[in-house]
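Read from first to last, the chains carry the letters A, B, C and D; within each, the first residue is number 1.
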């Protein structure tokens, strides 16, 4: 029987060590081993974006990353987006803007939107739509998602 | 296109309330934006093991033998099951409040016995320590098949000599059983007036055939379940579904245990749209749990979702409409064959009832056919059956308008159904909002905005859906801090906890935030039908209103006792109890809440209902498109959705339903389809190749909420979940016609199809 | 008297009549009354003392959630229609 | 998924040893956006997955005005379109790096991976062909260089032998007055596989085409280099007629199949449209370059 592999990584700012099989994805490790179930599995082949996490500062679909690749990396999941007890402006704007219905795509979209607003403080509608094209939402038609990301950008600029 | 000098989201409100019509943050919001909300697949239990299902590689085959011995011998495997592990269903018919279904069909779909009827049909299942091990063990199960030819479309399955799916299926012809073995489960008819006389009177008759592909609901969360068959014989289920009681009752029926032995805990659900009403996994996980002694979790893959859950029927529809030169429709005829998939029960009944539902036509004949084919057994999908039908009718209505030189909305207004219009299936309409909808469309800035540039066109279409009532239960208790706990049984797919709580808050004169809704398990709340039929805000809303009134009345009695007055002399308004007999007593809801324990004990309100008074909903679209005449690709430039909500409880979530339904309709119209090879294998069973719209494929979806109150609901609610998906394919087909001059008669209208239509029109040889 | 509308598939039981006026104050009474004048109609509609699962009754355009127990007024229209299966989003 | 082992070599030598040990039971992992999907679906098998992202040669981006661009096989798309040199000199490479997948995929996927996956629909390969790119391959019998147009042999198959590794892709320095463009057709606007695609490069001289190259995606068992379409442009004036002739040649060269993404007739038609439109963009780029 081949051996499991020990992985040392940093998740949401905390040092984390876990034991995994090489065939397990980062998504599986986060959900089933580490217990962070915020990232969701919608397709397991990189097309829905529900498992989006930040991987060394870039968004990836964690179903297409092996857990063993997390060695030495910095990972941010939806559980690490809020600032302590205070919601991130994107989270707050999603609530006020009714940008979620069933909510299953929401963690991936908020993580992706955060990565966008971290690098572009005032993205156009077109830029938001392009950036989020790998995040499928079947409930909202995207309208309120795009508007809420725009609203969050505005609120974050005001706060600066 | 969107230089906006208008409101993108309008509410044409007719009545004002304190809480209803406002836009509070949803009660489950914080959990859902932080990743804390627990969906079905998120559950973890001590000793949990994982199940995987072996599925047929063939669309139609006889199972000659199944050998599971090698899988059973695998060291990580804890249990293996086949259909032999389920009780024999016999000929029992069960009624789950959804129409009757023979139990053997439900059971046969859960685990095949004898024959497999579609690629992806479940045959056996394995539970093992890890999902990877379970999947590897499936490869050790050996099955011998006798492969049979498949039949994949309704017209093909109806022909003489077509492969027969069910040797025991005999056609029901106009309500009567016959001895004819065929793939047509039933043929029925709606007749109104004298069709021949109607067409004889017509100045213009247009008849066309339309075909629509099988499409999927496409919710992002796959089906999942976790089941523990406990040592005391109780079966505990945790799953995402549209109705915990529907899952309980179906699972109990298939397992042949009393319903009280099954407890279903509804987890958060990641979209359903009708697809999460049927049971697929629970009985399998249950018998795996019984055999292994462990709780068993099964989660579908995305390919399983496409190949083995219930999509919506593909269809073949012929519609013929006759009109007078002044635009008055005098006769309409429809021939509609819907693909049920592997087992009878296509959404042909509602489809047939919706095909001419928007219009007041004197003479109508509708023939409906429920046809089995070698595709997955179909399920509901948002206004099931109506979208296919409206694509046909609304395309022809547009053609009539063009030929008669009448504005397409004026033509619809000329014929619009209204209160008292007799439908083809018999009953007369109660108060409906078809005329108000059409007038709102006509008056909207979008309809009157110029659309310039080559290859651009504007299309309109409307649609109808009945909505549903069905049972709901609710109980409420008062906390000492003046808040109220509300227990209900409708899984919340799109913010209904809040729309229900808001109605209770309105009755009690307190803030929406002061009502705390909980969706309870089947042991903890009275029977509640599925979240579907756009019924939750209507029916569970009425249950909450009645429970709140019960609470209020009990509090009035308490106040009367405290003040020593008659309860008839206590009035309640905007959260304050007042005596009306001359004395000047008054106390707020919150202050009274503090005193309940010391003045007679806690108060609980309750209601359990099965409400009449369902109000149907009309919806409409104005769509502007541009077609690339060299590639056939359609770009949506502007899209406005209109819908009669009756009353919008939480307008943001009503808009969300309209926008989401519109975009599902757009996907259905332009790109989504089950692309089957001749052997019946779906070739595009991934979210890469089954092309649902991405954010980059769409403009903003503007909305107009029309409010024609439903007299059957205390605040006028109709229900808004479904009618919005009905008009988009027809609206886009009509827009494509006005852009490049081709009438599309097939869904999806993907680039290949549009290009071929353009070539045909231009006479380009193949 | 309430008016009952007979669907096409049942008209051989009603001697071809499309509309029949029948005495009764509930759907159950109306069906019993109909069955007296047109035997067979009750078997067509009712099973185990309830409407068959594939049939709904609409009184004055509103599908009744209580079936045979539904009250009917003097001027009501009664329709027997196919039950809508599914219908869920 | 089947069990496999995982290794993350830090040098080409370490990688070579692992490859030699496991032969065709080894799979290379760069971005993983194709191989992990295929392993999960059982479309490919592996007993050893070799992660090459720590090997310096596979991660370099090196630009030299005289020799051109060397692009490590594992460099992900986002580093490509974030690189100022590539932006300035190879607009066509930016086209494809921005097209492959969505934002998430572009954080992982590489042009080397796109090449080694060898799908007929690969967006990057036609562009690499028309830019005259070559592959640096190391293996048990040493190192070799292969033109990209000779790399793919069948759907999912290529000339890499057991234990061989694609190290980098080399693009010659662009000539003056040259331009390139890749254009694909997809039914959605993102997250889709090309129904057809056309990569073109042109070099202009005194109002004429000095030379041109055309390659197509998704219309043959491999990305298709249509040499004769480019040759037909050489020496011809830059106008609609010459471009139309080249586009017609591309259309005739295409040998597509009917499948879920399109029909033979439609795909051949697209080859004409896309080649024409891509040439128009490439000409504009060439006129704008110096």
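Here, contacts are C-beta pairs under 8 Å (C-beta built on N, C-alpha and C of every residue); 3 or more make two chains touch, one makes a residue touch a chain.
Computed from a predicted structure; not experimentally measured.
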Chains most often in contact, by C-beta pairs: A-B
Centre-of-Cα separation between subunit C and subunit B, whole angstrom: 28
Whole-Å gap between the CA centroids of subunit A and subunit C: 56
For subunit A, residues contacting two or more additional chains: 21, 23, 44-45, 47, 130, 132-135
Sites on subunit D at which at least two other chains make contact: 1-3, 102, 189-191
All pairs of touching chains, each written as two labels joined by a dash: A-B, A-D, B-C, B-D
Residue ranges of subunit A touching subunit D (in the complex, touch as defined): 2, 5, 21-23, 25, 44-47, 49, 52, 55, 58-61, 63-66, 68-69, 71, 112, 115, 130-135
Complex contact set, residues of subunit B against subunit C: 93, 95, 98-100, 174-176, 188-191, 242, 272-274, 277, 345, 347, 349-350, 353, 379-384, 425-430, 465-466, 468-471, 530-534, 610-614, 661, 712, 721-722, 725
Subunit B partner contacts - residues on subunit A that touch it in the complex: 21, 23-24, 31, 35-45, 47-48, 50, 77-79, 81-82, 87, 91, 94-98, 100-107, 110, 125, 128-130, 132-147
Sites on subunit D touched by subunit A in the complex: 1-6, 8, 29, 31-33, 36-37, 39-41, 49, 51, 53, 78, 101-105, 107-108, 189-191
Of subunit B, residues touching subunit A in the complex: 23, 25-26, 28-30, 32-39, 41-42, 44, 132, 217-222, 268-273, 299, 301-302, 493-495, 650, 652-653, 655-657, 659-660, 662-664, 686-688, 692-696, 698, 700-701
